[in-house]
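Next up: some structures, all given as structure tokens.
Two complexes are shown next, each including chain A; its partner changes from chain B in the first to chain C in the second.
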Partner chain A sequence: MKIRRIITIAKTVWLEALRRKDVYVLLILLGIMIVAVMSLDIFGLGGVVGYVKDVGLLAAWFFGMVVAITISTRQLPDEEKANTIFPLLAKPVTRAELLTGKWAGATVSATIAMLACYLLLAVLVKLKGGAFEGFTFLQCYLLHAWAIGVICAIGILFSTRLNKDAAATLSYVTAGAAFLLIPQIPRIVVNAQCVQRSGLLVLYYIMPHLELFDMRRRMVHDWGPASWSSLLYVMIYGLVLIGLLLVLSWLAYRRKVLSRADLF
Partner chain B sequence: METITNSTVNGRRRERFYGWAAVIILWTTAFSMACYSDIAKHSEHNAAGSTIGRLLSKASIGLSQACYERADLYFHKGVPHSSKKALADSFYHILNEEINPSSHAHRHGRSLAEIMPWLKLVTSLDPGNIEARLNAVFLLMKMKEFDVAEKVLMDARRTNPKDHRVLLYLGRIYVKREKISEAGQILETALRFCHDEACAGCDHCKDTLIDKRAILLYLAAIDEAEGNLSQAVERLEAIIEIFPGSHEIETTIKALKKRPDGESSGILLEALKSHEEAESQTFSSCTVPDCEH
Partner chain C sequence: MKGNGIEMRGLTVTYASRMGTVNALSGINLTVPSGSVFGFLGPNGAGKTTAMHVLLGFITPTSGHASIFGEDVQGSIARQRIGYLPEHPIAYRFLTGREYLQMAGSLFLLEPTQIKSRAKLLLGQLDLIDAADRRISTYSRGMMQRICLAHTLMSDPDLLILDEPTGGLDPSGRMKIRMMINDLRTRGKTIFFSSHELSEVELMCDSVAILADGEIVAEGKPAALVGEDKSLERYFLRVTGTEKEIGP
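Coming up: the complex of A and B.
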């Protein structure tokens, strides 16, 4: 695998993300949503920003997921639909490089879009009279970026064998379950019967744990930064997860027959 | 050069027509919706009668409940109530505990204001939820925001004019702000609306009795401060009727009876104020067994 080729493929994804306007639309939506929330009169009290941070970060997570899935799941199906996959693979680009480049491009695009969201939120919170704690803000963004990497890898994996819409739907279901349902398993498993329990345990251990990348509680409720060692563990876990998902994507894509005839 | 034909002109006219039509339709829709929401707001009958009204009202109550739970979550600094969990020794659980703190904690001082937006949302979505308003008032009083607390209570009084709890809190605020005569009037009204006849030992009735005791205690203290000692004794004796065997009250009655009528000291009122201060301090301490505070 050559890094230069991967970067070249990633660059095309960035350019495409810039050309399409969906990121700007989401950013505007986020801004409108936060400003609407900020306009709430809280019994005339000033300097209350926790709820703005809370709603803003929740929206940033939601929009981050939407951007990551939208960008990552359309890469391969769009290339195949437009027949541009053939000249791309005719060049000395391996399928592994193509997948990695697409993943890198999607991740970086979504991460930069999220940076814009975080900066917008920080500015609005500042305008409301509050502030984010620097280190916690940095850690929160860093782990969010890692989560976006995992979501993009999920999107790429599904798009290797499915069309754009199906891949996006499955990615939403998987990411949503990983974020909302999987963390609830320890609570559900207490009352589960034998077979159910085993099934839940399997899900708990094989599904990605996106809640590990979510530091909103620390940010909103001023718990201060997490220890760098635990942050490092989570990042290593994220890297392993991304690696596994990309390997699975490669296994699914390496022998995929791409035929023009299939397209008509 | 572009040749302007009849069809081009007609096309442009059509576009202009559609543009204006869209603007008029949108404006009419917006105006109708504004009128509808205004009417719906002022007509409880409509909301209670129509299916959509009932659905919307149920949805808003459900949403307000969610906001109320959110307020509780904010009081506990984002940590949800602990429940029985398995897999406590799993890698994911341990790492999650490191990233997301889960120890039992409470907000204190000015940071209590962070709870307010959610209570505000509860009161907006469900104006009949007096409990949320009283919680907001309690927190505002803890933050010494008496003006704001009074405003909230005035709003609550508009929607629930006969709720003795609202009047009791209003009376307490007036006492705090040294508006003794207003406090006396409002607490008299609270006493009139504090019905305890149907009491059968349920929690609600017990709370009503406790509220009645508080109202009588405040009224007795105000009477004592104004030199109306015989009236104060009557109030305290009424408390003994509700809660017999209260040693402190009996002692106070004896002390008041010894004093000549018309003599005022304000000791009772001061004692009540300091008691309330202490009560507000104990609110911060936790009742959960595994609490670290």
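Coming up: the complex of A and C.
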């Protein structure tokens, strides 16, 4: 694998994300959503900084997931549909380089879009008279970026064999389940029967654990930064997960017959 | 140059479809000498693009073997020396013409100075200098074809695989592409192209092969093949069995 080829492919993904309007629209919608929720002043919490942080970070996670899935799942299907995949793979570009480049481009694009979202949130919190603790903010963003990397790898994996709508739907289901349902399994498993228990445990161990990358509560309640060793373990876990998902993507894509839809 | 430009030996591609097994290519044998211009002809659905896709490694043949300059087509080494222009080519519309060429240069790992000079040269040769920094989404059909051809030529490939390079172009656009192909021929490049413009093929090709229903039905120099049929078009219609479709 040649790094320069991967960067070239990734750069094309960044340029596309930058020049298409959809990410900006999502960012504007997010801004409107946060401001609207804050202005509702539910139970008189509108003025509480913690509430603003909580709503804002939840919106940032939602926004990050939408952008990551939107960008990653359209890469391969759009190339195949537009036939731009043919001149690309007619060059000495391996399919592993293509997949890695697409993943890197999608991850960096979504992470940069998310940075804008975090900065917007920091400004809103400041306007409410609060602030984020610097190190915690950095750690929260870093782990969130790692989660985006995992979500993009999930999107790339599904898009190797599915069209972009189906890949996006499955990615939402997988990422949503990994974030919300999988962490609940240990609680459910206590009361489960034998087969059900085994099934749930298998699911618990094979599904990605996106909750490990979530530092929102630490940020909202000002618990201070996490230990760097814990952070490192989570990052290593993320890298292993991304590596596995990309290897699975390669296995699914390496022998895929690429034919023009209008050929036969 | 090592080996023939292209060699296909017993190349067979079959697909399973709802209608049963489809033989896209049935044991094709073909040799394209280095430095020649070779026309690959056939009616729609004859298997031309499938054969080209095998050469580019997009499709693994069911049986048989294909090589480019002696290198197996399934490896990426063979693709180091190929330039491919697909039928109705589409470039990344969000890039500018210059960025699109720079991208091709980077994928071939060319030096940045080499990329810059090569892009400038090709933009000039294909009459795209004024539009070089405009987004490709603003290009006309002919400009799109030319920027894709420039993209194909960025690495100065030894073998060019062109799938209907003049399809859908106006006479001036066709002329520009023909001039470029002639220039490449004088520089000793091997050109393997498919076209439905048989007069163009007659004019430009050293040899041709005619494909029908996945089999090669004729091969040789255009002048030698034509014989009593007087034109390549008539000969083509006769050997592909399409003559009866259009009547006397």
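To be clear about the criterion, the second predicted complex is superposed on the first by the 251 of 264 C-alpha atoms of A that agree within 3 Å, B and C clash if a C-alpha of one lies under 4 Å from a C-alpha of the other, contacts with A are read in each partner's own complex, and residues count from 1 in each chain.
Note that in this section a residue touches a chain if its C-beta (ideal position, glycine included) is under 8 Å from a C-beta of that chain, and two chains touch if they have at least 3 such contacts.
The shown structure was predicted, so the numbers you read here are calculated from the model rather than taken from an experiment.
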Next on the checklist: Quick check on the superposition: with chain A as the shared anchor, is it clash or fit for chain B versus chain C?
Outcome noted: fit
Checklist entry - Now for A:254: first (chain B), second (chain C), both, or neither, which partner does it touch? => result neither
Checklist entry - Can A:189 be said to touch chain B (first), chain C (second), both, or neither? => result first
Item to check | Touching partner for A:126 - first (chain B), second (chain C), both, neither | outcome: neither
Checklist entry - Once the shared chain is lined up, is A:50 touching chain B (first), chain C (second), both, or neither of them? => result first
Item to check | Included angle at chain A between vectors to chain C and chain B, based on C-alpha centres and rounded to the nearest 10 degrees | outcome: 150
Checklist entry - Can A:86 be said to touch chain B (first), chain C (second), both, or neither? => result second
Checklist entry - Given the touch rule stated above, what does A:233 touch, chain B (first), chain C (second), both, or neither? => result first
Next on the checklist: I'd like to know which partner A:21 touches here: chain B for first, chain C for second, both or neither.
Outcome noted: neither
Checklist entry - What is the contact status of A:215 with respect to chain B (first) and chain C (second): first, second, both, or neither? => result first
Checklist outcome for this item: After fitting on chain A, the minimum C-alpha spacing between chain B and chain C in angstrom comes out at 22
Item to check | Set intersection of chain A contacts, chain C complex versus chain B complex | outcome: none
Next on the checklist: List the residues on chain C that touch chain A in their complex, please.
Outcome noted: 15, 17, 22, 24, 45, 49-50, 53, 56-60, 76-77, 79-80, 82-92, 94-95, 99, 103-104, 106-109, 135, 148, 151-152, 155, 161
Checklist entry - For chain A, which residues count as touching chain B in their complex? => result 40-45, 47-48, 50-51, 143, 183, 185-187, 189-190, 201, 204, 209, 211-212, 214-215, 217-218, 220-223, 226-227, 230-231, 233-234, 237
Next on the checklist: Under the stated contact criterion, what part of chain B meets chain A in this complex?
Outcome noted: 74, 77-79, 83-88, 90, 92-93, 95-96, 98-101, 111, 113-114, 116-118, 120-121, 136, 140, 145, 148, 151-152
Next on the checklist: Can you tell me which positions in chain A touch chain C when the two form their complex?
Outcome noted: 2, 4-5, 7-9, 11-12, 15-16, 19-20, 82-84, 86-94, 255, 257-260, 263-264
